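First chain written, first letter: the chains are A, B, C and D, and each begins at residue 1.
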Amino acid sequence: MTTERMEAFSDGVLAIVITIMILELKPPDGAGFGALREVLPAFLAYVLSFIYLGIYWVNHHHMLRATEHVNGKILWANLHLLFWLSLVPAATAWLGEHPAATAPTAVYGLTLLMPSIAYFILQNAIIAHEGPSSSLAAAVGGDVKGKISPLLYLAAIGLAFVRPWLADAIFVLVALMWLVPDRRIESRLSHPPHPARLVGE
Amino acid sequence: MTTERMEAFSDGVLAIVITIMILELKPPDGAGFGALREVLPAFLAYVLSFIYLGIYWVNHHHMLRATEHVNGKILWANLHLLFWLSLVPAATAWLGEHPAATAPTAVYGLTLLMPSIAYFILQNAIIAHEGPSSSLAAAVGGDVKGKISPLLYLAAIGLAFVRPWLADAIFVLVALMWLVPDRRIESRLSHPPHPARLVGE
Amino acid sequence: MTTERMEAFSDGVLAIVITIMILELKPPDGAGFGALREVLPAFLAYVLSFIYLGIYWVNHHHMLRATEHVNGKILWANLHLLFWLSLVPAATAWLGEHPAATAPTAVYGLTLLMPSIAYFILQNAIIAHEGPSSSLAAAVGGDVKGKISPLLYLAAIGLAFVRPWLADAIFVLVALMWLVPDRRIESRLSHPPHPARLVGE
Amino acid sequence: MTTERMEAFSDGVLAIVITIMILELKPPDGAGFGALREVLPAFLAYVLSFIYLGIYWVNHHHMLRATEHVNGKILWANLHLLFWLSLVPAATAWLGEHPAATAPTAVYGLTLLMPSIAYFILQNAIIAHEGPSSSLAAAVGGDVKGKISPLLYLAAIGLAFVRPWLADAIFVLVALMWLVPDRRIESRLSHPPHPARLVGE
């Protein structure tokens, strides 16, 4: 079973999830520039979520390029990831309406935490199928960012109960950390890793 | 005529139907965690329908992999299936608003029953086109799950008039029954069935 | 320039247009079966439009299979067709709200008339590019259905001012007329037309 | 890394953005033809934005045909372009509600200005990756339209504060200017440019 149709379906869902968010961004009430201010929090929440979904799309893209075959387990792990990502628009809309409140901030953190775990499960399902000597297994290596992110989301969820804006700061920080595209996979694919170097990593 | 464009179109519709459901999942009124409780039934209905549509997508994927050519009849049988699946979001939203009521539960059961029949028709149209000795014909074999499911949906529709929560239990049960991906087709494609073994099934 | 990306984009738009219609089909107010009756006209309008868009998708599919190359003019003729088809959901929703009224019926007729003209323009742009001896030129031949349909839509628009239900009857009639898939192209592609037989058509 | 998946994803987003706009085009209140007049500004804004997005899709299509490989930077430049294009539906809806007001007109101009800059960045990222001797670099040449358009959008944003209808006139003018598809790339690809002729351009 090739990865093609799973890629196409994932692209479809991700493209729709990204653009569904803009549907939640209602045109302002009233015709003045002042009306724009009230939609500003919703707009900023949209920008942040757009970047997060963009990060997932780019990394998903890189991961599937390093994947040669998929099985039923991988299809379901992928659907599981898409399920959690599909909750992002609703959480974004809630956060945009109540940017300083605890519950929407914590729930937003949860809708970032869950796909990061689902992505990890999907990555492991692919590596289990492709084998430990596959290019993907070598490429993800230590996967520091993938392991730190869930911890940071957890911290943000906790901080949402104390200082919601600190949680927001963490969301922005993690996004910036990931904006650097995952060059590990890219470079490994062009230059197959030298076994000796792998040890040192 | 190859199956490619029909697959792409089906993926498009399924991806949209899945994500349209989240649009019906409005952000809660109010900023507290209590506001989440009122959207819980809608959320659970969303999870169930997401799983059902995921099942259809995965099985549809497996079926078309075992299909080599399509004709006009198959295109229409596929559109027929997509039509019924496109009703799932509206039925899900109605059930989410009135989780304990008879009519929304029965209608939800109907929107599960009809695509299961449409899937059966599509499967038969493909087998009629590919021939009884095709790999798909051998793979679906007795198709016990495909035959039991419509009966269980019918039972659930009946139970909706007595105890709606029993109907809900059946919806969950059938979903769990299908969550095991259709390994029959997968395994048959990798290991062409031995005629003698087919008899014993 | 190959037809692939134009097909993929058209499929995307058509898939979305089809499923956007279901978004307009709001869950009924209230939890009883009686509440279903009030959404019945909207549901029937949805079914009719779903069939129309299905017809366009299947015929578009057949036409592009008979097309080998596209140019800028064809891309725009295709966008023109998609533009008119994109109006169908709004017209369907309006008709579903006021099924017996003149204006929504006439406007619905217009949103069927315009894509039928746009389809004709697209077909001609493809034939102009592929040449009169192309398989598509031979396949569309007299194209009786394609020429009668706009006239019937025009008649329906006129009848909407007198008896809206007569216009509805014509909409159903034309849909049934087209539901027979366009076998002309299908058969020509499998059996290249014999020049002598073309004369007799 | 091939351009295929980036094309597919872009098509998905563009197809959805285009059709999301129609969702904002609510069916008129009331059943008479008079009710159509109140949705006319929203309809005209929809037509204009549909043409703009169509222009982006066709030019994006031409550009990626002239592109052989993509890297992470190009993926992000493409997401950046899609981000700005995803704002067009909301700006269109706001302009459609308040067609004669300054703020919606200026914001609409901004949602045309930003993607024109993003497109320029994407084009440069591709040329930087493909090399100055690539067919794309030769094809875009002086790129007069691409350089004039942002200036015209800027002028329109300024005019929105004085005479909003003059800004609207510029939006229509730029659309007409682009409706002529970008034949430069098309012709260069069929007839590789003669070095001597490039100098004269």
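Just a few scattered comments:
The rule is short, and it goes like this: a residue touches a chain if its C-beta (ideal position, glycine included) is under 8 Å from a C-beta of that chain, and two chains touch if they have at least 3 such contacts.
Predicted model only: the values in this text are computed from it and were never measured.
Hopping across touching chains, the smallest step count from chain A to chain C is 2. Shared contact partners of chain A and chain D are absent. Taken over every residue number at the interface, the positions common to chain B and chain C amount to under half, indicating a different-residue contact. After Cα superposition, the angle needed to carry chain C onto chain D is 90 degrees, rounded to a multiple of 5. Averaged Cα coordinates give chain A a centre that lies 27 Å from the centre of chain B.
Look at where the CA atoms of chain B average out and do the same for chain D: the two points lie 39 Å apart. In chain D, the residues that touch at least two other chains are 8, 12, 16, 23. Touching chain B in their complex are the following residues of chain A: 1, 5, 8-9, 12-13, 16-17, 20, 23-24, 71-73, 75-76, 79, 82-83, 86-87, 89-91, 93-94, 97-98, 101-104, 107. Chain B makes touch with chain A in their complex at residues 7-8, 11-12, 14-16, 18-19, 22-23, 25-28, 31-33, 35-36, 47, 50, 54, 57-58, 61, 65, 179, 181, 183, 186.
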